[in-house]
Amino acid sequence: MIFDFLEVLVNAGFWAATIRIACPLLLATLGELMCERAGVLNLGIEGIMSIGAMVGWTAVYMGADLSTGVMAAALIGAAFGLVHAGFTVYLGASQHVTGIGITLFASSIGYFAFRLLLPSSTTPPKITAFQPIDIPVLSDLPFLGEAFFQHTAFTYLAFLAVPFVLWLMNRTPFGLAVKVAGENPMALEAQGIDVLGVRTLAVIIGSALMALGGAYLTMSAFDAFYFGMVNGRGWIAVALVIFASWRPSKALLGALLFAGLDAYQVRAQQLAGAIVPYQFFLMMPYLLSIVAMVVAAKSTRYPKALLTPFRRGERH
Amino acid sequence: MSPLLEVSNIRKSFGSLHANRDISFTVNAGEVLAILGENGAGKTTLMNIIFGHYLADEGTVQCAGRELRRGDPRAAIDAGIGMVHQHFTLAENLTVLENTLIGTQSLWRPMLSTGDARRKLFTLADQFGLEINPDGYVNQMSVGEKQRLEILKTLFNDCRLLILDEPTASLTPQESNGLFKSIRKMVSSGLGVIIISHKLNEIIKISDRIIVLRAGETVGSVRTADANKRQLGEMIVGQKISRPVRRSSRMFAPKIELENICTRKSKSQVANLKNIDLTVRGGEIMGVVGVAGNGQQSLAEVLSGHGRPTSGKVIIKGVKALEYTPMSFMEAGVAYIPEDRNNDGIVGDMSVWENAVLTETGNADLVGRMAMVRTSRCRSTAEKICSANDVRFQSINQPARLLSGGNIQKLLIGRWFARAPEIIVACQPSRGLDEGAISGVHRSLLAARSGGAAVVLISEDLDEILALSDNIIVMYDGYGSAAFENRNVDIATLGMMMAGDGFHAV
Amino acid sequence: MRFEVRETIPQWLPWLAVAGAGIGTMCFAAILIATAGASPLAGFKELFIGAFGSRNAITETGATATPLIFTGLAAAIAFRAKFWNIGAEGQLYAGALAVTYFGTGLIELPSFLMIPFLLIVACVAGGLTLLPMVLLRQFMRVDEVVTTLLTNFVIILLVSYLLDGPWKDPYSLGWPQGAAIIDAGVLPQLVPRSRLHLGFAIAVISAIIIWLVQSRTVFGFSGKAVGLNQSAARHAGIPVTKTIICIGLLSGGMAGLAGASETIGLKGYLTLDLSPGFGYTGIAVAMLGNLHPIGVIFAAIFIAIIYVGADAMSRAIDVPTYLADVIVATTVLAVLIGLVLVRYRVVMRG
């Protein structure tokens, strides 16, 4: 019995599933991380993922090719990022309430539009989603090939987001400005940089990443759009950002660890389903996220200006 | 040749407050212009307008003959203006080099280049005697180092006119002298400098010309060489306000004693307390001096029940404190005037009367049956507190955030002193207040002392400490010196001690 | 264009902002109805007929408003103290679980004792569900938004497990639903042969009591100070943690009552679709009610009109029912804009 539980780890399918499950979490976590490093908590994440999933899928269903679908998802995410930034950065509204409002709004308007475009559907319509790419040599490797080199282009794109965000945050003047905007916005203002602009742009880029995380669900992991399919992944990403101490490399680690546990949980469920009801396995990701937040709660690396709106020309 | 900076007819108001009225002046290359005035006179507002943080309602700023674009710090920087703000504008989680690079390269460049910057930083540091480690993290630097970095940032941007806003506010006397040396070097290399201060002595030492602001208006402009100290002093304040004088008074039994107090290392870069012993008697004002961040805040927290020591004893009126909560200390007779009166003192969005009775939620006179608030009694109590302490307001129902800094502080002191406290912990009680309010605060503290209360006065303002304290301790890196009597103090020694002289090697 | 802080805020201004937000939302809804290819006027007509057009419609609106008043109060109480409880959905189910546990035969009391008893256990269950998140926030600085949100998923899965297994009603013909509440525990109807039950009256009374507590008692005074400036309240000797814990228990308790009133008032048994997101809608209700308990009553009725009316409208003119959810979400955002305009005045110069 115990042997069965360990055997899962040497199963290439388990590792392949881990990679697949990690993708949407990774994109969403990196997106949230961008926003928070700029000082803006984006709780619109759950809704932005949902509308990204819907728009990307619908674009392809309406006849666009897959890459256009991905672009469309990123654009709708960016648009909602702009709305969130408009509220929190320019108007200085509560980041908590705005985020919840954006989540409610993005998901409900997404469902509304989906129903308008596809009024009657007894069985969910499907698209031809991204297919695994065959990489010469690598895909044929025993074990490693199946685990890591038989994935879709979208999967590799998701993992390429890590070096992209690392480069953006640590190697460019813009990334430096983002970090300063989240730490002490006056330091930007005093150097003549538009704090609100930097924050807004960071939120837009971050929200586009979140939307891609959602689109991964409908365009690579599955091939259909369901209501409620994001199912809390956005909230889990918010917890992962804290777990990752706001660092992109640790976000990758966190997403993989989390996805690994999730993939393991599905297999353990098959082995132990008779004894432990499936609902308890499904609870694991949410409970683990709470645990991850508690573990990381003592971290002092949080951006010091997180949640604090910046207003020019106001007396401090 | 046109002057380096020409400011003409600046006017700015915030709501009903006139911060600047029709201010004009010029600065030339190679001179130090001092802008003198008490807190709230409009000095910082004026500088923020020149640098583009604020939009003036009227008036222009010209740099080397060309008018600056209004409300744009970038325009000021490009024109060669650099500003060192009183509250440093540094990102604490980044390195010195990264902080220097902010805003120096286009945001759209794909790569941040650092090599040239590092070389330039070294050259500048060497040229002006501003030693710094480019790879050090800002959150591990002292106040003096942070200030050097701020000046280097402006020099890095090829600044020709440097604005220093209250640069010596939290420096030791020795660090201030180092700063003045660097200023001299900059001026001799052709820079113009504007220095803002309310400290007369320093200004006379460093400046070439002085402009005095009062209530937003220019009230005087003199060459430092011709300046008369007494005359300047009167110009700053307007009418003659004298601060109260401490007279000798009787001391009673110890009210509060700390024995070998240690506190946990805090996550911020502020020092934790190490083996502090302190006794404050009734009728005594104990002054605590030190450079900011050397444990004064932790000391205030332990004395007021806001912080729990990891070891050691707090003894209040002979009884060892068992419970460390603000409430239990309040019940034992402690009153705590926190440093940040806007965030830790008042609830800005509650009314004046609600703030006046905020400490009285356990007061049986003000709370009726079923824990109902007796509103009319609360209001009359609040009115009494306000009139006794000269708190001025339009309506007792207006939100407290609309009060001026001085009135907020008088309200806070009033509500605490209405409890007849026996132990008073006051942190920077007069920081940012105008002269009238400062003398009011000082009078209250001295009155409490003659009434037999024990007062712990924590301040970075040496003049205040020397004027009010009976005894003084110096704090450095969480250690406290032995208390010594005020009359035996010499400022140079005090300054050396604030810089760590005489404390054990750590 | 820039913002300038208002020096004084007239009492009526926040209410004007909230009303403006409601009107703005309806304008946006009109655009959506037009987008769907229907006439907005006809749409609103159907909506109001659906919500008011008959005795049945009016009682239905009241029945829908009932849980919304409770969850609206849950959000309003917590938000006023800047405690972002987004977990009302989970706390609602916790209350429903509690009444199912005690109300399906475990304890039998006469009706006048049984109903208060069930309401109290639901209140306690809701409060206790939120308590760990309050403690984590106060003692370990764990952000409560994410923990309360995640807890919603956990509790709903727990309900699913219980209704699938141990608590499944053997007579339910395979449907996952709990056993029926005993007759003594069922809330009487306010209007005969309708779904409007005593829960509505209890909700309104709760709102009034909370309003009195907030505006008249020391607890309300402390809570206001804690919400507006926690640090200043602590420095003034107000027991901040204790106050927040009490606020959390009260907030969770209200959400628990929502679950109880739906279970023992409307349905008579626990199901997995007891709440179509009342917990989340409560946030919109609280915002629209200006976080004021009495405002919450009217906001809940307004939102209930939208829900009940949108259902009728979508049947009549073929606009997706999700329109109601869009309206609710838009309300939150519109009120946020309104509140910014309450605090700041827009200046069109410089």
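To keep things simple, chains are lettered A, B and C as they appear, and every chain counts its residues starting from 1.
In this section, a contact is a pair of C-beta atoms (placed from the backbone, for glycine too) under 8 Å apart; a residue touches a chain by one contact, two chains touch by 3 or more.
Here the structure is a predicted model, which means the values were calculated and not measured.
Trainee: Looking at C-alpha means, what's the farthest chain from chain A?
Mentor: Most distant chain from chain A: B.
Trainee: Does B-C or A-B have more contacting C-beta pairs?
Mentor: Result of the comparison of B-C and A-B: A-B.
Trainee: Using Cα averages as centroids, what's the distance between chain A and chain C in whole Å?
Mentor: Chain centres of chain A and chain C, defined by C-alpha means, are spaced 29 Å apart.
Trainee: Centroid of chain B to centroid of chain C, CA atoms only: how many Å?
Mentor: About 46 Å, centre to centre.
Trainee: So, what's the distance in Å between the C-alpha centres of chain B and chain A?
Mentor: 44
Trainee: In chain B, which residues are in touch with two or more of the other chains?
Mentor: Expected reply: 55, 71.
Trainee: Would you pick out the residues of chain A that each touch at least 2 other chains?
Mentor: Those would be 312-313.
Trainee: Got the chain C residues that touch at least 2 other chains?
Mentor: 5
Trainee: Quick one: which bits of chain C touch chain A in the complex? Just the residue numbers, please.
Mentor: Touching chain A from chain C are residues 2-3, 5, 32, 35-36, 79, 84, 86, 136, 140-143, 145-147, 149-151, 153-154, 157-158, 160-161, 164-165, 280, 283-284, 287, 320, 322-323, 325-326, 328-330, 332-333, 336-337, 339-340.
Trainee: Hey, which residues of chain A end up touching chain C in the complex?
Mentor: Within the complex, chain A touches chain C at residues 43, 87, 91-94, 96-102, 104-105, 107-109, 111-112, 115-116, 231-232, 235-236, 238-239, 242, 277, 279-280, 282-283, 286-287, 289-290, 293-294, 297-298, 311-314.
Trainee: Would you mind writing out the residues of chain C in touch with chain B in their complex?
Mentor: Answer in residue numbers: 4-5, 7-8, 216-222, 224-225, 228-229, 231-239, 350.
Trainee: Spell out the residues on chain A that touch chain B in their complex, using ranges where they run on.
Mentor: 171-177, 179-180, 183-184, 186-193, 198, 300-301, 304, 312-313, 315-316
Trainee: Help me check something: in the complex, which residues belonging to chain B touch chain A?
Mentor: Contacts found on chain B: 14, 45, 51-55, 71-78, 83, 85, 87, 89-94, 98-99, 101-112, 153, 157, 267-268.
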